[in-house]
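Okay, here's the structure, questions in a sec.
Naming follows writing order (A, B, C and D), and every chain is counted from residue 1.
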Amino acid sequence: MNWNFWLPIFLPLSSLVTALLILVIRENQHRLRTFVNLLGATLKIVMVAVVGYGVYTQHAYEARMPLSLTLDLVLRVDDISLLFLALSSTLWFLTTIFAVGYLEGSPHQSRFFCFFSLCMTATMGISLAGNLITFLIFYEMLTLATYPLIVHRGTEKALRAGRIYLAYTLVGGAVTLAGTAWIHTLVGPTQFAHGGVLAPLAPTHRHQLQAIFTLMIVGLGVKAALFPLHGWLPTAMVAPAPVSALLHAVAVVKAGVFGIVRLIYDVFGVKFAVSLGVLAPLSWLAGFTIVYGSIRALFQHDLKRRLAYSTVSQLSYIVLGAAVFGASGTIGALAHLVHQGLMKITLFFCAGILGETWGIHGVDELSGIGRRMPLTMGAFTIAAFGMIGTPPMAGFVSKWYLGLGGVRAGDYWVLAVLIASSVLNCAYFLPIIHDAWFGKSRQDSVALPQRRSLVVPAAETSLPLLLPALVTAFMSLTAGLFAGSHFSPLGAARLITERMYAP
Amino acid sequence: MTAQYSVYALAGGLLVGFAFHALAIHTHVLKRILAWNTLGSAAFLVFGAIARRNTGAPDPVPHAIVITGIVVAISSTALALALARRIDEENKK
Amino acid sequence: MSGALPILIGGPFAAAMVSFLFTGAIGRALSVLLATASAVAALATSIEVMRSGVQIHALAGWGAPLGIELRIDGLAMLMLLLTAGISLAVTTFAAGYLKGDAQPHFWPLWYFLWGALNTVFLVSDIFSLYVCLELITLAAVGGTALSGDRIALSASLRYLMSAIMGSLAYLLGVAMIYAQVGTLDLTQLSGRLGSSWSSGAALSLVTAGLAMKTALFPLHFWLPAAHSLAPAPISAALSAMVVKASFYVLLRFWFQLSEPTSNQLAAHLLGALGMAAVLWGSVQAALQERLKLVVAYSTVAQIGYLFFIFPLFGGALAAGRSEWAQEAWKGGIILILAHAVAKSAMFLVSGALLQTFGSDRISDLKGAAVRAPLTLAAWGIAGISLIGLPPSGGFIAKWLLLTTAIRQEYWLYVAVLLLGGLLASVYVFRVLWHSFLTPEEMPSVSRIPGSMSISILALTVVLLLMGLRPAIPLEFTLIGIPLPAGDLR
Amino acid sequence: MVLDLLLAASLLLTAWRSLYANDPLQAVGLFVAYGLLLALAWARLDALDVALAEAGIGAGLTGALLLGASRHAADRSFSDRIASPMMRAFLAAGALSLTSIVALALWSLRKPRGPGIAPLVSAKLSESGVKHPVTSVLLNFRSWDTLLEIGVLVVAAFSILALRLARSPPRKYDPMLAALVRVMVPILGVCGGYLLWAGSHRPGGAFQAGALLGAAGVLLQLAGYDLLADSARRGFRALLVVGFGTFLCVGIGVSTLGHQILEYPPTQAGSLIFWIELVATISIAVTLNLLYAASGSGAT
């Protein structure tokens, strides 16, 4: 068997098989379902590790299947995809554990986990996509697979959120399709390649290419929640907490951001994109979104909504880094792709624990909760400080490189944006943290714990909920502390960037 | 023979116009059935004229076509009438 | 010539006779056997076409122009396969679906319809096509009226009238073509029609008549009622195959008889009507309250896309880019196939939901995602293809049409292709929204027979396969198509 | 020539009057007259087969069907037209342009353009098993069309049976009618038999014969025989489909003998055609009767 061919296929396929298996598992066979889920997730991590080692030892993984005469479905492992693969497979494993704990005893779990795994399939496909058409196929598949998760609760509110989500993402998908088809008509079948593939067209097609870039950014910007296309993200908060965690850290929004990175670096080529003059407007938009998202977050009273606007803001860090020319910006963008995922998923895990255990949803209900749930709030605090960008947290590392990138490119306004955003981050995170640790307990108003079947009686909530949050918090801490290491997200980002800017 | 062709072909053309107009403007089922039968027969007449265009014996192929067409026409007419009758039955219920 | 052909042709007709004469279990079994044999024969014939190219069979041994020829090229082969596949699914579904006194009447009509569809795709004679189309019409009208309520009967009568008007326009065109060229054989006619005043008139009549039968906007007025009020298996056949039969004939006339480059204006007129159909049909579909009406209006919209093939193809040839024309052609054919499979699945799903919930009102579908998850999943997958999302046959079709339109800078067509997909997602997901709603009390449901589920499942699997391996049908779309551009093989 | 012109003018006139008549009975009556004139026109065009078919099926049986229906249609809505003046003007313009396009196109085709298929038919006539060209086209050269055409009749019958029409009340016994039936039915039967036999070498054939036998059946129905009552009987059903079934079996059957579909062995062509025509005639007659009965004409 040719592993170089089959591994890229097995990666998404293993999730698909998991999804199908779950479909045939009866609703009440919880143990079996959990076993299949975790088996699939573990298998995936192992495969990603194997692939990672393979890439390190100069293996080329590529699977190519013809769709039509001029169209290939290409699954390929390159450096960026490996980064995304590692992030998503790890976080997926943790989110699966969290989801098992979170959904315990609730109905329709088979449906939930089936689509959960389908989402993973699509995310794997997105990270492995070797050309635009493959990317598009999985990108649309992700849209569809996420929908049932958002409307999972079946309430009017959830359905409304689902409707808004679909309206945004399907329009975005259609625009992306148009851009992709347009590129296809200009250069025929292409592959992602550092340095881009469109540069030869420059002399004759300048305006067309600018139009295409705009189309693609509009299309991808929906999932990346760029202002003014971010409207769906805060509404989608009604989904169950594991779904929110997934949406914000790994799957949907990251697909959009990942697509933008691919577009700039592997389709247009960053140098060519600069020469087209399309990157500067994008960076301005990203800068605006950063500030806008932070300001909006400040005024949210629902914890999850506040986190959602924070995501809007944080995602644009990545876009900003990608759009500012220069190696430092790129390093910052790629590192933040991972860092943001680790930190944000921690925050959402914690929000989920608070909601599930104590029925806490508003930011003003957190008073004194830190004393009752020290571990949860500890994780929350670590992640929040990361978001603010206090050294030596992971967020600081990425912000440092972003700022450096702005300065090197001569865009000093980037610094201003970063500082403003950090101040705003403080403003919306610090009060929460302060309240939680030092505020007065409001025993009267807080509901009794909803979780009675605690595995460890002394623990503050059930283990499947708590463990993932602690692990991701730990990871986001170490990602900052050991940023200098070769195997840290930053190290990987530097390696990739070197190759991107290689002449 | 050309003269005969012209007479009947043009008559067919005019009949097509009448029948189309009658079919489009009327709403009653029977009227429309009459109109489509006329339209059909006009098309058949055109075939007949074409068969007669050359000198010598007429072309038998259009004749066979027309006979086929006539049978098709009565089949659909009968089905339409039966449908109309069935609708009447339902209305009377 | 293949020995399978007689079985392919005779099977369904024989099944119709048998099921008419013997209504008992043995008659049913025998007729199913005969019809299945025909489907197998379709497969065998297709394999022969794949292996050795176009198959020609001179009926009665005379050959054109004296006799009538059957000609199976790539397009005909795909249509025959499609007919066989969908007919098998419909037959399986109907066995579980139909009840009551309509049932013994259904089978003869249905098998006749199946047989008639086969003949359209086989025959290469423009008058014989008329008879075949009439055969389809009468069987389809009879099937539509089966439910027997007043609205359904009126709808079938209107359907019959419209179809016959279309046929007569077609027949008049055939008369003129015969007067001009002196043959009725499609292959012999190709390239000999020229571009005279009379050939233009003849082609216009043929096109108008077939557009009526295909229900191209604004001649679609008869379709929604007829397709939605027929029993579900018949609806599936109507939307999937019957409208495609007349469209197939139209393709033959446009690409085999006339010079596609010479009537680009007419092609754009068809394209414009197609665009109007896409928008109008999709909006109407989104506004309907009944599931089957949604699906029927969706057919109006999807038919619109099919007509894009004329301007896209002709424009490409006029620009001297036959490789673009090929893509447009392929896109159109895949769209026919994908839509047929998706639409039949959707109608069968509607039938299944109707039987499960006792209503086909969308608002009554609350809780359906819990009670009938697989049926709704099938709806979703079929919907994905209609919207044109991957992985589905519809996506590939849309991609091919979209790229051809962009290449020729037909931006209006590009816009409608994209917008149509979005509108389609509205009506597809509207059904899902309702089904995901959790009602206060779960609706009581009746179980549907396994045969119904199996046929729906089979269709969705085919649909997904078409999206994953579209190269397979794409390879065959060009076999023996005598397209005017010389370098199209 | 003058006769042709007169005939054409009267065709147009009767068609016009029939299509725009306000009284259903008058409309149908005029339509039958139109059909008979059309039969004359066919005779003028040297198409006696078509003339017979038109007179028998087009004017005769269709007229009978319509006549029955016209009795139920005697309401005010009969002459209803589309009310909107815009639409009416649009339709008038449409009809006018359609006529002119068709007429002009046909006019431009008045010059003969080569002989068409006719010479081929005469050349191969001797191999077809019959001596009459139209029959050779219908039953041999283009037998496929004829097979499907009989199929059309069968499908129409299926569709009508599927409608499950209510049975008409039985007719009252009418001594005059009974006497007429006693005389006419045998005569029609004999004439039909003759036409069927004649078809092999002169105008006539299965459809014309079937029409005559169908007419005989219609007379029987008029005399009180209820055909729809028997529609569930297997014998009746067998008669209905035996024509199509036999034709199909022969057509497919010959292909197992190494021939093409519908290709008769040259030596047996004549007799095969005769037998096919015979059973087809029976089916056609039965089907036409069913069509008549279903149109509601049988009801009083």
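Here, a residue touches a chain if its C-beta (ideal position, glycine included) is under 8 Å from a C-beta of that chain, and two chains touch if they have at least 3 such contacts.
Owing to the predicted nature of the structure, the values given are computational and were not obtained by experimental measurement.
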Pair of chains whose C-beta contact count is the highest in the structure: B-D
Central chain (by mean CA position): C
Distance between chain centroids, defined by C-alpha means - chain C, chain D (Å): 31
Inter-centroid spacing, chain C versus chain A (mean Cα positions, whole Å): 42
Between chain D and chain B, distance of the C-alpha-averaged centres to the nearest whole Å: 11
Between chain B and chain A, distance of the C-alpha-averaged centres to the nearest whole Å: 68
Junction residues of chain C - those touching two or more other chains: 127, 131, 134, 138, 141-142, 145, 148, 153, 172, 176, 178-179, 184
Where chain A touches two or more other chains, by residue: none
Per-residue multi-chain contacts in chain D, two or more chains: 102, 106, 109, 115-117, 121, 142, 145, 149, 152, 155-156, 159-160, 163
Topology of the chain contact graph, where touching chains are joined (line, ring, star, complete, other): other
Pairs of chains in contact (touch as defined earlier), listed by label: A-C, B-C, B-D, C-D
Parts of chain B lying in touch with chain D, wherever the complex brings them together: 1-22, 24-31, 33-35, 37-38, 41, 44-46, 48-61, 63-68, 70-79, 81-86, 88-89
Complex contact set, residues of chain D against chain C: 101-102, 104-106, 108-109, 113-117, 120-121, 124, 140-145, 148-149, 151-152, 154-156, 158-164, 234, 237-238, 241, 244-245, 248, 251-252, 255-256, 259-264
List of chain C residues in touch with chain B within their complex: 127, 130-131, 134, 137-138, 141-142, 145, 148-150, 153-154, 156-157, 160-161, 164-165, 168, 171-172, 175-176, 178-179, 184
Contact set on chain B toward chain C in their complex: 16, 23, 29, 32, 36, 39-40, 42-43, 46-47, 50, 53, 61-62, 65, 68-69, 72, 75-76, 79-80, 83-84, 86-87, 90-91
Chain A-facing residues of chain C, complex: 330, 369-370, 373, 380, 384, 387, 389-391, 395-396, 398-400, 402-403, 406-407, 414, 418-419, 421-422, 425, 429, 432-433, 436-438, 469-471, 474
